[in-house]
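Note that chain A is present in both complexes that follow, paired respectively with chain B and with chain C.
And now, the complex of A and B:
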């Protein structure tokens, strides 16, 4: 053991280095989140946290499980590709508890013109009217059933009763 | 209660292990969802957009986006043929309540819905000093709001202006591509609310997704392709004047 005869100071240095490394690793294990680096240079658990956000829009598939009649009317008409919540707004609460959460009816005076008020900016093949001239103030649903808006279509306009909330 | 030194030395590590598992919590399970099976993108069909603002309102309702901030918004371009390079662009309140009626004139009008492009090689994720923003294995760029410092470096780095500092949380906020919905088999809130189908969520890893046929048969572009961000929001019939 001649080699290590005068090496006491080296062992002390090595010991100090080992302690330092251990100390830093300990501190690091407390500071770095557990899932950091699971998928990359970020906290893997963050993905699940973002995914845990509650949904406000139930999705038309959910609506159609109960409102089969409306789904049928709509599928046959011009609004076939317009999803329920495009007009009725987010209804996840109503879907979760249909009896106590009343979704109300959208106000057609605001709703219809959002899409159908004539504007040179809209695509030319999209149906547009100058609402003032077109109806003279008569509510849209007097003639058009919102779920199947073509006049004389399967459902009578009266079935879309109401207009304002 | 008397605890000897030996008992304490045994108890301490046990308590540490228990505390760690409490801290870790139980992750939200998304049954039957496998991240590696998806690569999310979006298709925007400009000729179908009518500028109703449904997507903007839906996004704000779905994601609690504060007033005056937008994860998605709609711009209206007005391009005149004598000044092609300088379009007039408006986006009143992000297009949330629609747009003023446009009169027919010499120029052309069209709407451009915008949102995070969920870039495959995103500048925003590269600049984050702490690893608080990243792209998930299924191709969604998101922010870890518990880890974000709010330095806003990513807000400046995004070439599309899709990020903002949340006014109350003081951390970066952006479109998550409705990750909480798409992992449960729903489409995004903006796509759900779009009345004309101008926005379509697409999964590039799903061979049955209609996006593949669409990309083959249409003139599709991404925004700012010269920046090589690997943007995954595809625009059909995008005008050259769009920035």
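And now, the complex of A and C:
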């Protein structure tokens, strides 16, 4: 009994710690979303919320139903595996209402160098140029047809006919 | 590109971990070192260092309170950091460290300080009035029992807490080394010796800091410095410094002998960009010079004023050396390319969230907190006796 009296302050300290722990656990029960950990270390309900977002990409099959000529040109060229919206951006709105939503054309002087600017980190056999030396700011499509970029291919712009590859 | 030499991958050009991440291991190191110095008195019964015991505990607490601030300022969304406690990820070392920090702060340091100062707190709650009285009364947790038996129980429990505290202090700072040592993609960091080197360098910095603080505070208070105490602290500093230096040399020799594919690149970096901070500041000025000075003080019979000067200089140099070591680890590890073909430069910002001014502020803030702590809980024995009324002391 005497021990309890002389160690009373330690019991008070232990009580304070227990209260603190309980307090934090109570707060935690309010702050942690209910669906946390349902599938993994994240909020389970987030999946349904993300899935409910409207689709922004139409998919290349949708593009190809109307733009059959471009699809054919592209299929025969080096960019056959590049998806339409990888360059043109998400076009679901245009696909839903083609007449009133104009997607516009990308600026090739900016777009092409994203993949083709010379960098030692890229594979050696991947086509790459120092854009400044190569074209001096002239848009790439002056010589290259973006859907089938090799110069001399059937669909290359007329201005580049007879140019070097 | 300015500041870039050779080939760098695009994501290596600018540094992600800034001077604040240099400061973070430096501050936690001071905490761990100061606590281990305090434990010398409590667990190992080194009576000579007793005058620094309470100061070491308060220093550890002051620095521990500031320790997470560099990390908070580094985070893009500091307001989300509490999530680490709400939904901890067991596979994340950083998340688990949050609990080590909390454990060390609440279960070790605060409890040990409370137990040691309890008699003073009770006395102060009875001798003060107004808000001070209520503050001290809250700190007593409503118990004024300072009987001999109650204090004996405190002493025993405090001993156990310190005993638990030593591995906790090792864990606290070992983690900081671990977080670098476990990054296998970075050859400058990836070494199992890293946590061990960090712990010993932490002890060096913590002991040096408490020794300097003790000497400076005694001078400020116009009190005589207990030379038996400072001599003992300096001898511990000397021994631990030798172990720390040996471990760092072991790491270096291992790297030179192993000479893996990164060696030429890292060797070049040490001889160019890190020359001043690594060779000059860390090794020559920050390690060899203080070891030599402490060695001279150990083996020769020098006068008291000379010893004081030697301890002040070697303590300061040790702190500079340990800060340089943190700099070389954190910044050095981000200066070279994973291709081992290029190097970048760290340009420290001045008045930004992670700039020099904030770093200086965070270095001074623990000293300000320590001043407040010492005002609330006077660590000096003479003040202790003066503040305890006779009646309470006799209780």
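Everything below uses one rule, namely that the second predicted complex is superposed on the first by the 106 of 165 C-alpha atoms of A that agree within 3 Å, B and C clash if a C-alpha of one lies under 4 Å from a C-alpha of the other, contacts with A are read in each partner's own complex, and residues count from 1 in each chain.
Convention: contacts are C-beta pairs under 8 Å (C-beta built on N, C-alpha and C of every residue); 3 or more make two chains touch, one makes a residue touch a chain.
Please read these numbers as outputs of a predicted model, since none were measured by experiment.
Of the two partner chains placed by superposition, chain B and chain C are both touched by A:121. Of the two partner chains, chain B is the only one touched by A:59; chain C is not. In the superposition on chain A, A:36 makes contact with both chain B and chain C. Legend: residue contacts after superposition of the two complexes on their common chain; A:28 is shown touching chain C, with no touch to chain B. Once chain A of one complex is fitted onto chain A of the other, the partner contacts of A:152 are absent, as it touches neither chain B nor chain C. Once chain A of one complex is fitted onto chain A of the other, the partner contacts of A:136 are absent, as it touches neither chain B nor chain C. By the document's definition of touching, of the two partners only chain B reaches A:47; chain C does not. In the superposition on chain A, contact is made by A:16 with chain C only, not with chain B.
One of chain B and chain C touches more residues of chain A, and that partner is B. When the shared chain is aligned, chain C comes close enough to touch A:8, but chain B does not. In the three-chain superposition model, chain A touches both chain B and chain C at residues 36, 41, 119-121.
Across the complex, chain A meets chain B through its residues 33-36, 39-43, 45-57, 59-60, 79, 81-83, 85-87, 89-90, 114-115, 117-123, 126. Those residues of chain C that touch chain A in the complex are listed here as 7, 9-10, 85-87, 89, 106-107, 111, 114, 118, 140-143, 145, 147, 149-150, 153, 157.
Across the complex, chain A meets chain C through its residues 2-3, 5-10, 12-13, 16-17, 24, 28, 31-32, 36-37, 41, 119-121. Those residues of chain B that touch chain A in the shared complex are 20, 23-25, 27-28, 30, 35, 47-54, 58, 61-63, 76, 78, 98-99, 101-105, 109-111, 131-137, 142, 144-147, 176, 178-181, 183-184, 186-187, 189, 192-197.
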